[in-house]
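The two complexes that follow have subunit A in common; it is paired with subunit B in the first and with subunit C in the second.
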Partner chain A sequence: MMGKKMKGLLSKHEFYISLVIVLLCIMIEIRSGQFFTPNNLVDLSSALIVPGLFAIGAFMVIVSGGIDVSFPALASLSVYATTRILTDINYKGGILLPIVMVLVFGALLGAFNGFFIAKLKLPTMIITLGTSSVFKGIMQGVLNSTQIPNIPEGMKNFGTAALFVAKNEQLGLTSRMPVAVLVLIVAIGLAFFVLRYTMFGRAIYAIGGNETSAYRAGFNVGRTKFILYVIVGAVSSLAGLIRTCMMGQMHPTNMLGMEMMIIAGVVLGGVAITGGDGTLTGCMLGTILIVMVQNSLILLGVPTYWQEFFLGALIIVGTGISAMQVLRNRKRLVSKKLGEESS
Partner chain B sequence: MAQSVIKVVDVKKSFGAVKALKGVSLEIAPGEIHCLAGENGCGKSTLIKIISGVHAPDSGHIEFGDKIYTKISPIEAIMNGVQVIYQDFSIFPNLTVMENIVFNSELKDRRKLVNWKRFRRIAEQAVDRIGFKVDLNARVGDLPVADKQLVAICRALMFNAKLIIMDEPTTALTKKEVNALFKIIMSLKEQGIAILFVSHKLNEVFEISERFTILRNGEKIITGNTSELDDKKFTYYMTGREFEDLRFKPKNVSDEPLLEVENLGLTGYFHDVSFSLKRGEILGITGLLGSGRTELALSLFGISPADQGKIRIKGQEVVIDSVASAMKHNIGYVPEDRLSEGLFLPQSIADNIVISELENISSKSGVIDKKKRRSEIEKWVKELGVATNNPNNACNTLSGGNQQKVVLAKWLSRNLDILILNGPTVGVDIGAKHDIHAILQNLAHEGLGIIIISDDLPEILQNSSKIIIMKNGTVVAELNPEEIVENQLSEYMMGGNE
Partner chain C sequence: MNENKMSIRRKLNDFYGRDVYTSRLIIMLLVVLISMLILKPAKFFSFINFQTMVAQFPEFGLMSLGIMLCMITGGIDLSVVGVANLVSISSGIILKALVAADGSLPWYGILVSMICGIVIGLVAGVLNGILVAKFSIPPILATLGSYELFLGIGIILTKGKAISKLPMEYSSVIAGKLFGIIPVQLIIFVIMAGIISFLLSRTTYGTRIYMLGTNMKAAEFSGLDTTGLLIKTYALSGICSALGGLVMLANYNSARADYGAVYTLQCILIVVLGGVNPNGGKGRISGVVFSILVLQMLSSGLNMFPQISNFYKSLIWGCVLLIAMTLNYFSENRNRNN
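This part shows the complex of A and B:
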């Protein structure tokens, strides 16, 4: 029984990625002695909020067999529009209205993606590359976007509001755990529930596994995809809003280009790029690893320009391991079959 | 006849200018096993799609008991007890057995939330119904093909099915698995469920079905009792042509062996395989799936090189450790799965023909000589009778038999010495099958050494000059086809485990 459990664990991608994370933690701790300090851990969690939210969206799309490269542009546009409108009317209220606005804008832009993907049945990569440019174009051309240095007070307060403050006695540093971390926790909880306990969530897996079968089984494939992209648009835009609030200013191009890093994290977490396979746990672990490498290599004394190198290496090794696992499983299946035939 | 499960009356359907069905009627009684046969493009799949509600007929109607439909939706078809098991089983390889079985009924009940306990309960009942022993938490993608099919059958039974349509259900199964499937079909019959069994394998039609319907070019040729059917009639109804059994008689056999294999083996797959092949001979290799027959072919073609034994070609000992080295020794291989391994389906027929002789038709600097290319293509299309009016059409526009001819052309254009074919007529119509057999026999007469690997025993018997039977990774018998009959072959293959 114990043996069987161990074997199940060892065949799980999540186990290996946790192992890598633990090893990296220990390495950083040994080199710097600063990793397990309260303020570093809080800093890490705070850095995880935005990539974590993006990753949830990217994860659901990849599981459904698609790939979305438009979410940073989509988020930038909806957050820019929200911030612009609110500063222009000199908004003085709390965070609630900005959140509602950004969710509505995000859902609308997501619906734009979803419409083309569900109706035209074109490859999602092509469509989202296109809409990504469209979103950027609207933001920079139509809205004539510029940096907004003074965002509404309510947004700024939300970005700096602390759940608690962690202190590093040794160095006298303090770090604030943003209230926004609650958004990430709630989002993870919701995503888990939706994916595991709703037919909509299972439909995402089913479509990623075999779209024709999903259609024949009676899933409404088009509607499921449409809703999926609406949700992803809303979640990504919320992530963008949080980032803007935490930075205290709206920088329209600041988020662009994040898509590759986020997708890399999701894939690193064992989510099959071909769709249908992967867990939310894996997705979050992969994202944590990416965020750690980005934030903690400095503690190891690695120059920042080496970060990209390490990220790249990590992705190659990470995806390589899962590719090897697939090969091994296939071999085992063949030999099992041979055994059955001869018995 | 008792009240029928389904009655299809004079159904017509066109797609654009193509008349797929020209007035077809069909009636099936409860508990009847009815075989639907016909060559590719005869309208079989259109008929199934009309019964299951995917397509609406242009005219005619469908009756379920007293209910008459001129047009039926997929949900209405299900409500009337129609279930289709598609050739690819329509499963989700990434999900568990449980989910695969339960999804359809949950969706039909319009449930929004997942209750894993209910899922398990329903799935358990479903697998129990046919006595299927399986781990409900296993990923379906990890199961053997036969189990995947059983998952699809369990799912079909969830809906109070009265008619189960099985689209070529035996294509990917071993003999043993086919027998197991037939047992299940018989037990379904006892429960009063009718089966519409789509197949063009003769022996299966005889074994399982009571009545049959044969379509050709969108018309019903005949419906009748299987007991009144024989080989010759079956082929005639399917194709409208009479074929003579061309038994292969080797002429022009060389004195020297072309290929000699001595104690060849690949650890874990096959061992101690020895045989020799002369020019003008056709060697038939047969055995059950997993007997090592495919792996042997892959070794001879350098895809998974052998690690024991010797290979001699024209008396010279050679090492075949890659596809390139096999090709250097003029060996060609027509794979089992031509769709994924033998052809570039979306590319043109022309490009597929010349792909393996590019160096012969291009200049020294590597530019392709258009004239040479065209003449090569014309030559092979004509010689092998590929049915196309434009070789620039994509390969996937051809039928299975014609695709196989293109694979052959690809290799023959290289002036081979040895041609290895794995399942040369799998999924090919009877007419095209005869053509391919004739082509192979001619090639042997022209001096090629040919190896055919197949589990189609009549094919092996008819086309080989020598047969070897593999079992558990090695050769168990070498036989002369003149001296044996089909039953003896399968006895050797299944043979008591002495």
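This part shows the complex of A and C:
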């Protein structure tokens, strides 16, 4: 009984990624002695909020068998539009209106993606490359975006509001845990529930596994995909809003280029790039690993210009492992003669 | 009279239906040429402008050829810009290292740096091919990851700065003009396009990659060495990108890890507009070359209006890509229904 449980654990991707995370923690702690300090841990979790939210969206798209590279441009555009409108009308209220606005803009832009992908059934990667260029062009060309140094008071307060403050006695540094971390926790909870217990969530997995079979089994493939891209647009825009609030100002181009890092995290977490397989836990663990690598290279004494290299290496290793697993599972299926070859 | 009109219309329709991609490009070309004829005739239709245009497009034209090859096999190469920058950085470093004490470049300098660059491109391409063929990582992710990797190596080599103060000899040869008329960049592009065209239409390699792109599994079961073919294709794409990088080095007379970031999208746009099917198996080099020319004219035309900022270009490229994909969808549906 015990042995079986051990074997189950050892075959799980999440186990290995946790192992890597623990090893990395120990390595950083030995090198710098600053890893397990309260303020570093709080800093890490606050750095995780925005990538974590992005990762939830990217994860759902990848599980459905697609890939979305437009979400940073999408979020930048909807957050820029929201912030611009609110500063222009001299908005004084709380965070609620900005959140609603950004969700609406995000959902609309997501629907734009969804139209091409779900209705016209075009390849997601090429379409989202195109839409991301369109979103960037609208923001920088049509809206003539500039940096907005003074965002509305309500947004700034939300970004700086702290749940609690952690202190590093040794160095006298303090770090605040932002309230926004609650948004991430709620979002993870919701995503977990939707993916596991709702028809919509099961449809995402089914479509990613095999679109034709999902269609034959009675799932409305087009509608599910469309709703999925609308949701991803809204969630990504919310992440963008939180980032802007936490920074206290709006840099229009600051988020662009984040897509690779997020996708790398999701794939490192053992989510099958071909779709249909993967857990939210794995996706979050992968994102934690990426955020740790980004935040802790400095603690390890590695120059920052090595970051891109490590990121690329991580993506290749992560996707390689995931692809090899798919290959091995398929071979196992064939050798067990469990039905015909899939796909 | 009426009948005659009908038959012309039918002929046009027939022609459009037979080769949708070329017809669409001809329409685009006519639209660009006519609007330039109305708006900026003297500036656009000048010898200098055409000379500049044919010197400009080889940069991304060479990269597009690489993406085309990969797309014919059903894959894609998103690392072309990364490879090109890595090659131009390392060739730049080699060039600087070869400069003699008196500041002059020895006669073999240009040749050595170019060969080194091409070898680096080849190695990068083989790496992509191994990731795609041996580890069966989806090409999109494998090449996005390797793009990041090559970008990272480029940043490490340059510490994030630009490599400049290159010996002038290199730039004056590669960005120079043969007989004072034909830009050398164009010659490099024509040679490479000729080689690829020969490979695609006259060799078994060409036939095989079309088969591979049409149906991977069928190609495998009919005894094709799919792994070898894929590695060769990505290696060829690496060489194309390396040549693109060498041209970039000459055009800018400097190298940096983040040059030409917009080229990725532009190259995919060119290849898709040129009638290459992203799912593989279909596409001709003539279509891609034609589409390179059309887009270069559009881009040069846009550059003549200072009020259109570069940011609008990103919007325009994106829109053209989306429209092209949508039109392809409808024309393919029509074919299927027929």
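Miscellaneous remarks
Heads up, the rule we're going with is that the second predicted complex is superposed on the first by the 321 of 343 C-alpha atoms of A that agree within 3 Å, B and C clash if a C-alpha of one lies under 4 Å from a C-alpha of the other, contacts with A are read in each partner's own complex, and residues count from 1 in each chain.
Rule of thumb we're sticking to: contacts are C-beta pairs under 8 Å (C-beta built on N, C-alpha and C of every residue); 3 or more make two chains touch, one makes a residue touch a chain.
Just so it is clear, the model here is predicted, and its values are computed rather than measured.
Of the two partner chains placed by the overlay, neither subunit B nor subunit C lies in contact with A:293.
Contacts of A:196 after superposition: subunit B is touched, whereas subunit C is not reached. Applying the stated contact rule after C-alpha superposition, one finds that A:209 touches subunit B and leaves subunit C untouched. Comparing subunit B with subunit C, the partner in contact with more residues of subunit A is C.
Look at A:217: by the touch rule set out above, it reaches subunit B but stays clear of subunit C. Applying the stated contact rule after C-alpha superposition, one finds that A:276 touches subunit B and leaves subunit C untouched. Common to the subunit B-facing and subunit C-facing surfaces of subunit A is no residue whatsoever. By the touch criterion given at the top, residues 74-75, 86, 88, 90-95, 99, 103-104, 106-108, 111-114, 142, 144, 174, 268-269, 288-291, 472-473 of subunit B touch subunit A in their complex.
Considering their complex, residues 76, 131, 135-138, 140-142, 144-153, 155-156, 159-160, 264-265, 268-269, 272, 278-279, 309, 311-319, 321-322, 325-326, 329 of subunit C touch subunit A. Residues 196-202, 205-206, 208-210, 212-214, 216-219, 272, 275-277, 329, 333, 335, 337-338, 340-342 of subunit A are the ones that touch subunit B when the two sit in their complex.
Listing the residues of subunit A that touch subunit C in their complex gives 67, 116, 120-123, 125-127, 129-138, 140-142, 260, 263-264, 267, 273-274, 305-313, 315-316, 319-320, 323-324, 326-327.
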